[in-house]
Amino acid sequence: MTTIQAQPGALLPLDHSAGRERSRTLRRFREAFMTAALMACAIFSTLTTFAIIGVLLEETRRFFTMPDVSPGEFFLTATWQPLLGAEKHFGVWPLVCGTMLVTGVSALLALPLGLITAIYLSEYAPRGLRAVLKPVLEILAGIPTVVYGFFALTFITPALLGAGVEVDSYNALSAGLAVGIMTLPIVCSLSEDALQAVPRSLREGAYACGGTRLDVSLRVVVPAALSGIIASFLLAIARAIGETMIVALAAGGLAQLTADPRDQVQTMTGYMVQIFLGDASAAGVEYRSSYAVAFMLFLMTLVVTIVGYRIMRRYREEYQ
Amino acid sequence: MNTSLTGALSLASISLLAAMTVAQAPSSLTGTVKADGSSTVYPITEAVAEEFKKIVPGVNVTVGVSGTGGGFKRFCAGETDISNASRPIKKEESEKAASSNVEFIEVPIAYDGLSIVVNPKNMWVNHLTLDEVKKIWTDGTSVKTWRDVRAEWPDKPIRIFSPGTDSGTFDYFKEVVVGSKGSIRGDMSVSEDDNVLVKGVTGDENAIGFFGCAYYFENKDALKIVPIDAGKGAIAPTHETIETGTYAPFSRPLFIYVNRKAVERPEVKAFVGFYLQSAGKLAEEVGYVKLPSEVYSRAARNIAARRTGTQFTDDQGQPLHGPLADLYQ
Amino acid sequence: MRHADAPSLLKESRESAALNPLANVARLGVAGQADSTTRAPVALTVRDFSAWYGSFQAIKSVSFEVRTKRVTALIGPSGCGKSTFLRWINRMNDMVASARAEGTLNLHGIDLLDQRMDVVDLRRRVGMVFQKPNPFPKSIYDNIAFGPRLHRSFRRAELDRLVEQSLRHAALWEEVKDRLHDSALGLSGGQQQRLCIARAIAVGPEVLLMDEPCSALDPQATLRIEDLIRQLRSEYTIVIVTHNMQQAARISDVTAFFYEGALIEAGRTIDLFTKPQKKQTEEYVTGRFG
Amino acid sequence: MSGPDEPLLGREKPAWRRRLIDRLFVIGCVASAFVSVLILVVLLGSIVVRGWGHLDWAFLNHYPSRNAADAGLKAALWGTIWLCATCMILALPLGVGAAILLEEYAPKGLWARRAHSFVELNIRNLAGVPSIVYGIIGLTVFVRCFGLLGNPNQYDQMIRATLANGVVVQGMLVEDRPESVVIDVTGVDGGAAQAEGMSWPTGVEVSLALVQGETEKLLSAKPGEAVSFSIRRDYNLPLDLAFALAPAEEWETPSVLKVDGVFRESRPGLLVLNDPMEGRMEVPTTTVLVRESFAVRTHEFYLRSNEVVRGDSLSIGEKSATLVSGGRARTINRDDIQGYRSIGSLAIGQEESFFYVRLPLGGSVLAGALTLMLVILPVVIISSQEAIRAVPKSLREGAFAAGATRWQMVSRMVLPSAMPGIMTGAILAMSRAIGEAAPLLVVGGFLFITFTPTNVMSDFAAMPLQIYQWASRPQPEFYGVAAAGIIVLVAVLLGFNAAAILIRQKFQKHTR
């Protein structure tokens, strides 16, 4: 290696012929190949959706074409007895009722508490406290649901009994509370994001009008972030509807039409666990019925999620 | 005198089998043994698998829980080597097995009693007659509260916990209570997992449930047993009443079914041999009742001779009833 | 944007007014009121006022007076502390955790630095208009009614009247009277800013603080806001921060020049622009730096 | 026009009341915020109190047991590690690829744009699908393969081995009856050896032997040839398929050194066997013809010589061979072992290398991992999209201005700067996968397992499933075991979260 001694300030001519030219065809080929590969990745996600819809539709169709089963009975009657009794009954409403009861209890806990916590974090909390509380919430969000199920079973239910609430040993209340605890961080985190997205200038304007923090938070910031907050509510509800392990551990196994959360209930997901745990390679009518239930569950969460994201996208555009 | 001699002989033959199968291989034996089926038999198979692992670490044993019916479905399709069953194989199940070229060897491993239990806070129930049991569980029954069972009992709703319909426990209970043609009421909470039932009953003052005795023996403090009066006075399940057959009709034998083809694999043969050798002891440990020792030696002989098929149906495929020691040859 | 604008305007003024901003002042006819400026009662007394953000001292021992029903303009290069000063007058700086201040800041006898003082009450008396129009995402009507509703309860007709009055004050009534219940976000930038002024007025303040109210607006809208400020002068004490020296000259009675946190010079606008006492002031108002 | 001096409209609201309400609200806020913290404290506290006593090294190193005191997490821990590693290997490229396409390859035509926004919306919706639905899809598509490919656990087995010189031998067990066991060797491929520049001795064939105890069925095959052979089955003896690279007649010569052992572990260049007689035995893989040593359970090495030699390990060099026996090494002249042929054997019915795959997948690690992949794919895509979006536009413009193609721009500019964000998202997705129980419950069901997976077709247990099983046992002492399992699980997750936070912080420092 020799170093070229150049006059100070003098520029050496650039040598553009150095190095070996890369093949243009190769480059084009690689470009096309990578585009195709990436496209395949994206298509895979779409295939997943089609697989879900295809499998569920096909199995649901087979379920409804089986003898003793009709869509009318499925949607219009309210007795769910797929396993016992002389006659099998497939009226899906007790399962939907169980799901709604658990979701309702969880929403009653998670939505207000999550929103208030989000308002506190976004509008009131000192920076230091916020820096602590945020990760705590993230930890809560990361805890596996089987842990919440265990917690519901071994802590919430005994605590409720200890507090004089006469619950069954498996009940919708403690399962709902556990689901609520699980969805609380979702509500809180997403609502907080929505509140933070409200421009500072709006808060200043409201303070300048002589608003207290409460006035500013509730009358300006929350209304401005409302669509984001609603979206967070909907996403949390979708999670609660689809939650499985908590209800499998703590809600019980009796499909009944009840509005009392102290009763035991069976949710749609709980029924699916019962079928797939008990008898995984069967092809009987009760096995197929779990696909119909799954399809219904899928549609319910899909609607809630789509509406949630629609609303969320609107609020994101509002301030950009 | 005679019995003790047979006992000694059978013990000898079991140890011979064990020596043959286990000692032949120990450390170098490898492979996988797949078992699935009844949740009632699960604790025994789990215990055997655990002990077997200590002796033959090279063999991987998996034990699943999907109910006797679910287990047979997989077994008859050739998916598993061993099926845990809390009842003899049914005619349609063995037909299914035959159609997919699966032959099986039937091995009884322990006795189980069905126990009917209530919450310990339940002060009114001290026993039930067989008729009352039927009244509670028959499909279309009018029993909604305890008073509907016996007039002097309180007017509290009765909550029923039942094992899943795929469980042998359920089939057995159904057979005893309503017969094979009848059906059990539908508004019960059902779980394939007996543990769920135990917890359900312990948590509810008005609950009643039934499951295998093992779970009752394990949770004696949390549950109150209901003695059953089938005409000879109220009898509660104990090791003695079950083994002697006085706890009729709610005691029954438990089985494993072994794929004949799989038995030819040394690891499966070793496992089954070890199973027979230790079933009595481990069954007692997890709360069941051991079989008379000659039954174990007959089973060992049947495995050695590759005797396939069930001994619990007659030529027409109708189920046979009677003491195990008489039926199983 | 405004860094780019100011020099260009200055350049223009240099060309047209031959380095003499007084030409503008005189043309706008503010000079005639100069004498009354000093006679008006004092609204805000500032004595040895210093302010910090953490360890950074944003304002260094400032003293001057703001007089009632006059327009006081604060001028100076970016980062000289004028906005900080403004935000102390209604304690907007309370929201900045690291902000603190010393000295005297006294509004009609109220100690503005008193930690026990009710800032909410203060802000009722001191309205504020911000750099960028910040209407709430509500209707025009609700924007105006927002402040009054916080403090008092109204009958419907009363509130309607108040809204109308406020909008008239802000010279917006004629433009929006037919669409009071449309979203305020649909208004143009200049209209939004006048809406914000109307919103501030509606609470009934004595003092109006304006933090560069025209910097986000086009020249046309700026003129309308300036007209409005001149009209409001008869009723409110106005303190306005501006980058635009022509604007300060056009609309203010008193001007205070801040530089690097210190008050270099304060006085009647006409005096400050025609015969600045300090060299720095002269250099700044003639556009030699800044 | 009225001035401000006019009496104020409306009735004044008392200031003290407003202040009071404000204060009360703050108190309410603080209370509710601390309720969340309190819940976490109670939750973790109650679990730690229950589980702490069970937590020790033995707990991590024991298999499950019917006795609470002996029960351990080993099978579940390793099952989870296998599952999640496989899952991430599958999900990461797919997810990042999809994210790149969505963010960097803006569609031009109307239909392309529609497809693009459909995929985008679709991914958002997939993120909201309950995980148990994915379990059902996994069961139908992966475990059963729509039932089109037969039964997941039948005895049909693929046998495949690569000899050290690159020759690949593969066969299929087509019949397994007492009368006969039939193996179809579908191909002996010497192509790989030639491709690697190794010599393929002309005229030399591959000797195949079906070995059962002392009986051997011999066969020779030429590269590329398919053969089939059968043997009468004695089920008391293990059946091995042996390969040797030698002329068939040489096979007949008696063996002198025979090493027989059970596979224990393999490290680079070394195979550790368990010998029933000698105990632990290490064999350098240079002597082992079956390269994929994970598959190997039984080994036999034949050394042709007049002398009887026994040893723990044998390595063969160019001129000499070294035999280690009882800690002493002995060098043998290579000429002395002219007839040496080593044989790798593969016991039939045993699995292959760790990436060995058969269809349908059954309740295997791979089926579980694929199902979990479906669950976390939307999470990976969305977080990767956000990371890619955060890369400043100027970087892209700079790269394009230098004449980069789109892929060059993506691979050299966008991906490196988005990598910390992508990794953070991936770690969080992985912690989701670790905690998922419902889909696995559907795919695999709970299994009592006393071994760790050895390849992607193994049966598995997983931590959340094990915890679920313990939690649903009636004996109260298993609550403690479940709680201990939860502590381990949560500790792992906290570790992952901490890693994600660290990466995020480091990344933020760099960009400043």
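Note that the chains take the letters A, B, C and D in the order they are written out, and that residue 1 is the start of every chain.
As a convention for this text, a contact is a pair of C-beta atoms (placed from the backbone, for glycine too) under 8 Å apart; a residue touches a chain by one contact, two chains touch by 3 or more.
All of these numbers come straight from a predicted model, not from anything done at the bench.
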Check your understanding: Count of steps on the shortest touching-chain route from chain B to chain D?
Key -> 1
Check your understanding: Busiest chain-chain interface by contact pairs, anyone?
Key -> A-D
Practice item. Tell me, please, which chain's centre (mean of its C-alpha atoms) is farthest from the centre of chain C? Key: B
Study note, to complete from the structure: Whole-Å distance, C-alpha centre of chain A to that of chain B, is 41
Review point. So how far apart, in whole Å, are chain C and chain D when each is placed at the average of its C-alpha atoms?
Key: 67
Point to revise | Intercentroid distance (Cα basis), chain D paired with chain A, Å | key: 27
Review point. Roughly how many whole angstrom separate the Cα centroids of chain B and chain C?
Key: 88
Check your understanding: On chain C, where are the residues touching two or more other chains?
Key -> 120-121, 150-151
Exercise for review: Would you give the residues of chain A that are in contact with at least 2 other chains, written as numbers and ranges?
Suggested key: 153, 212, 215, 277, 280
**Study point:** Contacts with 2+ other chains: residues of chain B
**Key:** 65-66, 77, 79, 193, 196, 199
Revision key, fill the gap. Pairs of chains in contact here are A-B, A-C, A-D, B-D, C-D
Point to revise | Touch list for chain C against partner chain D, complex | key: 118, 120-121, 148, 150-155, 158-159, 161-162, 165, 168-169, 201, 204-206, 235-236
Review point. Which of the residues in chain A end up touching chain D in this complex?
Key: 27, 30-31, 34-35, 37-46, 48-49, 51-52, 55-56, 59, 112-113, 116-117, 119-121, 124-125, 133, 135-140, 142-151, 153-155, 181, 184-185, 188, 212-215, 235, 238-239, 241-245, 248-249, 269, 272-273, 276-277, 280, 290-291, 294, 297-298, 301-302, 304-306, 308-309
Practice item. Using the touch definition up top, name the residues of chain C that touch chain A in the complex. Key: 90, 92, 95, 97, 120-124, 127-130, 132, 134-138, 146-147, 150-151, 196, 199-200, 202-203, 209
Point to revise | Footprint of chain D on chain B - complex, ascending | key: 26-28, 30-32, 34, 42-43, 45-47, 49-50, 53, 58, 60-66, 77-80, 193-196, 198-199, 215, 218-219, 222, 261, 263-266, 269, 286
Revision key, fill the gap. In the complex, the residues of chain D that touch chain C are 1-4, 8-13, 15, 18-19
